[in-house]
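Order of writing sets the labels: A, B, C, D, E and F. Residues in every chain begin at 1.
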Amino acid sequence: MRANNRQADELREVTFTRHYTCHAEGSVLVEFGRTRILCNASIEPKVPAFLKGKGKGWLTAEYGMLPRATHGRMRREAAQSKQAGRTVEIQRLIGRCLRAAVDLKLLAEKTIIMDCDVLQADGGTRTAAITGAYIALVDAVKTGMAKGMFTQDPIIGPIAAISVGVCEGTAVLDLDYAEDAIAETDMNLVMNGKGEYIEIQGTAEGQPFSAAQLERLLAIGSAGIARLIALQQEALST
Amino acid sequence: MRANNRQADELREVTFTRHYTCHAEGSVLVEFGRTRILCNASIEPKVPAFLKGKGKGWLTAEYGMLPRATHGRMRREAAQSKQAGRTVEIQRLIGRCLRAAVDLKLLAEKTIIMDCDVLQADGGTRTAAITGAYIALVDAVKTGMAKGMFTQDPIIGPIAAISVGVCEGTAVLDLDYAEDAIAETDMNLVMNGKGEYIEIQGTAEGQPFSAAQLERLLAIGSAGIARLIALQQEALST
Amino acid sequence: MRANNRQADELREVTFTRHYTCHAEGSVLVEFGRTRILCNASIEPKVPAFLKGKGKGWLTAEYGMLPRATHGRMRREAAQSKQAGRTVEIQRLIGRCLRAAVDLKLLAEKTIIMDCDVLQADGGTRTAAITGAYIALVDAVKTGMAKGMFTQDPIIGPIAAISVGVCEGTAVLDLDYAEDAIAETDMNLVMNGKGEYIEIQGTAEGQPFSAAQLERLLAIGSAGIARLIALQQEALST
Amino acid sequence: MRANNRQADELREVTFTRHYTCHAEGSVLVEFGRTRILCNASIEPKVPAFLKGKGKGWLTAEYGMLPRATHGRMRREAAQSKQAGRTVEIQRLIGRCLRAAVDLKLLAEKTIIMDCDVLQADGGTRTAAITGAYIALVDAVKTGMAKGMFTQDPIIGPIAAISVGVCEGTAVLDLDYAEDAIAETDMNLVMNGKGEYIEIQGTAEGQPFSAAQLERLLAIGSAGIARLIALQQEALST
Amino acid sequence: MRANNRQADELREVTFTRHYTCHAEGSVLVEFGRTRILCNASIEPKVPAFLKGKGKGWLTAEYGMLPRATHGRMRREAAQSKQAGRTVEIQRLIGRCLRAAVDLKLLAEKTIIMDCDVLQADGGTRTAAITGAYIALVDAVKTGMAKGMFTQDPIIGPIAAISVGVCEGTAVLDLDYAEDAIAETDMNLVMNGKGEYIEIQGTAEGQPFSAAQLERLLAIGSAGIARLIALQQEALST
Amino acid sequence: MRANNRQADELREVTFTRHYTCHAEGSVLVEFGRTRILCNASIEPKVPAFLKGKGKGWLTAEYGMLPRATHGRMRREAAQSKQAGRTVEIQRLIGRCLRAAVDLKLLAEKTIIMDCDVLQADGGTRTAAITGAYIALVDAVKTGMAKGMFTQDPIIGPIAAISVGVCEGTAVLDLDYAEDAIAETDMNLVMNGKGEYIEIQGTAEGQPFSAAQLERLLAIGSAGIARLIALQQEALST
């Protein structure tokens, strides 16, 4: 039995609070149950060196956890003078996925920087970050268009992400920390509004997984993402 | 005329939200106007090397700003592999001041770590952090005592902090960012509940300040701190 | 048409040179076409702090590229004082996958360190590294058992890895650099000898991929891995 | 009773040795008792990025301690790959204060770098550094004017600094290390030739300090600074 | 008695494998007995800042050891975020010596970067690296001339290097690791084809060495280098 | 003609000021002409990890230059978070040479740390540092013996160092900066009181040097070192 009597293919309560801070071009607090992440999108009027003069723009992401976002305190990366391997991996994933949601050619020598900072963690931070960041991205693009930074809307369409996993032999959706810690298989899915895949990352933490298990995980995951995309559209329509 | 018709010796609206996150022993969101800081207090069952075996405890602080807490985006310190000089200076100040609020001898080989992370900045982040961290400290101590970590309450008494400054020749209390940017003199005061000084840091940013100006700054600052300490007590009594 | 008239589901020429260097407990030069990687397995008589006194062992991996392994020279990470995000991601993947091939409980407070250094790169370095490292691991375990470091063989069974991708709409196996650079989708598969999944990492570099494409990629990938595992067994039997 | 029968409001012996090294535009060895600091002022024909093209100049400071300047050896910061928080705080203070002694608009796209290196420490290094650096600054400006680097003298007027503190209840001036180690309150004052404040930094190390104690500290401190400024003028007149 | 019945003034077997990797402008695997080093020469179309616009070129070197090139595993420098002092010293030596083999004025605003990576170590890595790098340099220059990067051959003439030492009182040539570990004196010689010195580095590891011993070391070393230069010419002529 | 009418084989004026600072166990200011270096020897009651429990001691050295020791200002290594390759090379040399002057077995689990900091540079800093450090070492050992840290005098005998070089075809002793900058060959010699070699480091900066030139350099160098050792003995006898 899952916490709060959740069904195996049921999402935790998902909320998006837009305009959560006042300075960023797009700012969303996303919550998946107790996981709470602040996604701030900033537009900077320059591009990395490798894109200079090509007329395109860029999108990149940075991820962080406040030291006490977790059950025990983690050491502050700035004080360690180093980002952990896990952090680097996650921020590369977030950036890569969100680049699939924009047409970089329409970003007009601008860079959108997506800062995803975990205020409170309870599993699934990377997928919640991607899902929330999409809304911050849309809001930032609106701000940018209102200021004349972009002449044409660069958004291609929605993307969202969810974790799935195998716990005690059962495929479950949207794992919280307690479930994640015991899962035999852990998988993150990122998909678009047409049900196509942007990214699949599946890892056998304990036991290898079979083709049949993979099929089941993809099924509940893609259904979960469809629900998240509906929730995103609802949040953006208000 | 100040924003929102504030008087020269008037605080911005101050709020404390206790138990803001769920994992930390003490967790307070403090707001001074638009300045918004998350103060998390963690208790760790060990002390730094220089205190080992002495029966005492320790308190230290770390300070950070989310990259888009500010008007323009600041680079993430973890990604820079370096904390800025300003960051180091502020976290040393926060730690030093909060150590004045506890009897380290009663902390029983524990370390309290105070993480002050700025979610949104509008001037006065270091003084708001100290003022909010005091409440997080009290809550953490309560948690620690309930768990039998401390046998005697180590809290000595309240401390609070405020900024004062000279703007266009006038001494003003609790400067917002716009005021701070043009102030001729910038001063941070930290005091205890008896009206005694813990720390004074005054800097002539533009013009040197006279003994008379110093006297006026100390007067409005100590009155402001008295009000903050009353607000702390009120927050803690609920 | 692929280079050397390769079929879409055909591997490049794969060779394993065992005992390539003389000091390591296991040392294999693995070649997938022009991709050439030295996999050295070292056994150290200690475990990381988090495993001390638990009777288990550990396996970890480090990955590097010689600066001129690539078409243009890449900057040396040691001279940059920093491992790139890509490096960290790859070495985490290699370590995670090879841990699925050993029973850590039988490693008896030893750590196996897998160094995978790319002498020459032409696409697919991470999957070639995993496939070659498995043989170096087996050789290191043999050495360790001969020296009485392990009382029972900790190897669970073979694992191998291969890249698959979608190039100009076609699913292809074992991409070289030229193919990788234009692939719409890039996927790395790691599987065991029973055809079960250890890891799936699929990324839509250009176009999202459909469920049908995913199915085709998994089909040619799992067939390729079965061939690699046969080649591993052959190399180990000589 | 203080060492050498010093009165509570008496300075240690203060000496300035101008032209101590031969390469710097200004070079002063300053001694406050056994505290001995080499202050070298360098003029560089460029400004930091944030000032480029604005016609102004800049002044910045760096501070260091030779490893065996202190009673026990401190680790070398260059070998630690990191400046300590204390170092950063002090050099920011020195730079800020000396900028109050020059009109940056007259520095004509030049940067003056003030290197303050402690050869021997016995308390009060930051205030001695500021006091000595002022003379090095004046000498560097003379050199610069002789070479036609500045068309108008940018010096506004003298500044000097001193430490004051409360030791066993008594306010004392210019604390040596032994006094500093036991002081209840430690304060650094920086003032100009008109008796105005540039910087006040007061910290209750042990006991909070009262308004009356603050008044006494400011009184003996400002008298001490007046004497230091007289000594500076004397040194510069020879 | 030396390993393999070597005479005191006899080289180990020396081989040069040209074109060892496919991307570098010059690529040589050099072997001195079991010491095996990959020397890759890259030509980059730019020069360091201090040479910009002067019409000259530059040559620099980087040195590394794979972690398990040695008997016990050494920690990876990239993972340590730091090159060891020994590494820095060796790569400075290699660069300095190879600059003596080229006329920088003929390098036409290009930089040749020499990467020397030790695949397997058994003493004498720095001298083997220099000797092998010379061949890689010649090959890179040929490539560069064929591509029209240089209008005139910048090679001045051959250089080679060898280690000599005093072991148990006897002067020996080309020490392997076991000899190096017990040598009282360790010396590296770098000379050109005319028998002139480029570099001498002699260190008394245990016992100081006399003028007579020095004379003997120089004698066997210069004879060894003459043989190495002959072997280089032979390798280059095929 | 050399500055100050020096002969080719003549030293600059050499002075040793013992007890230059008050905290170090041995403290010497050494001057070779305008080159001025502070050598502080510290005794620490512990040894590096690789020597723990072996009953021996250790000696190590660190070298630094104040930023404005040189004609133009050099960037501060502590602020660069990195010691330059040249620094590392020099401090390794100093440590290695001074270890030849002590019997480590008599250092009784103590470490002597030699800090050599250049206050003013005019060529030959590494050789002056070694020569001065020997006196600081002797003084530190005396202090240590007086405190009962060593039961037997660990000093083996004097060592000293000097630079020699070829300038415009002539072999010269003790080069100043102007000579060093134009020298075709630059060589550092370290020898003991018996005229034996501790270290030879010779580099052809411009032109290779012949065996005859080497002989001449060794001749004037060893004579110079004999004079330095006499000066050391004189300084130590007062």
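To be clear about the criterion, contacts are C-beta pairs under 8 Å (C-beta built on N, C-alpha and C of every residue); 3 or more make two chains touch, one makes a residue touch a chain.
All of these numbers come straight from a predicted model, not from anything done at the bench.
Participant: So if I look at the partners of chain A and the partners of chain F, which chains show up in both lists?
Facilitator: Chains in contact with chain A as well as chain F: not a single one.
Participant: Could you work out which chain's C-alpha centre is the most distant one from the centre of chain F?
Facilitator: A
Participant: Report back the single chain whose CA centre is most distant from the CA centre of chain B.
Facilitator: E
Participant: With centres defined as the mean C-alpha position, give me the chain B-chain C separation in Å.
Facilitator: From the centre of chain B to the centre of chain C is 50 Å.
Participant: Counting only Cα atoms for the centres, state how far chain B is from chain D in Å.
Facilitator: For chain B versus chain D, the centre distance works out to 28 Å.
Participant: Please output the residue numbers of chain A that touch at least 2 other chains, ranges allowed.
Facilitator: As it turns out, chain A has residues touching two or more other chains at 81-82.
Participant: So that we know how the chains sit together, what is the shape of their touch graph: line, ring, star, complete or other?
Facilitator: Contact map by chain: ring.
Participant: In what order do you meet the chains if you trace the ring from chain B in the direction of chain D?
Facilitator: B, D, F, E, C, A
Participant: Give the list of chain F residues in touch with chain E in this complex.
Facilitator: Against chain E, chain F makes touches at 85-86, 88-89, 91-92, 96, 100, 187, 191-192, 194-204, 208-211, 214, 218.
Participant: Considering the complex alone, what residue numbers of chain A touch chain B?
Facilitator: Of all residues in chain A, those touching chain B are 21-24, 27, 34, 36, 38, 40, 42, 44, 62, 64, 66-73, 76-83, 87, 113, 115, 117, 119-120.
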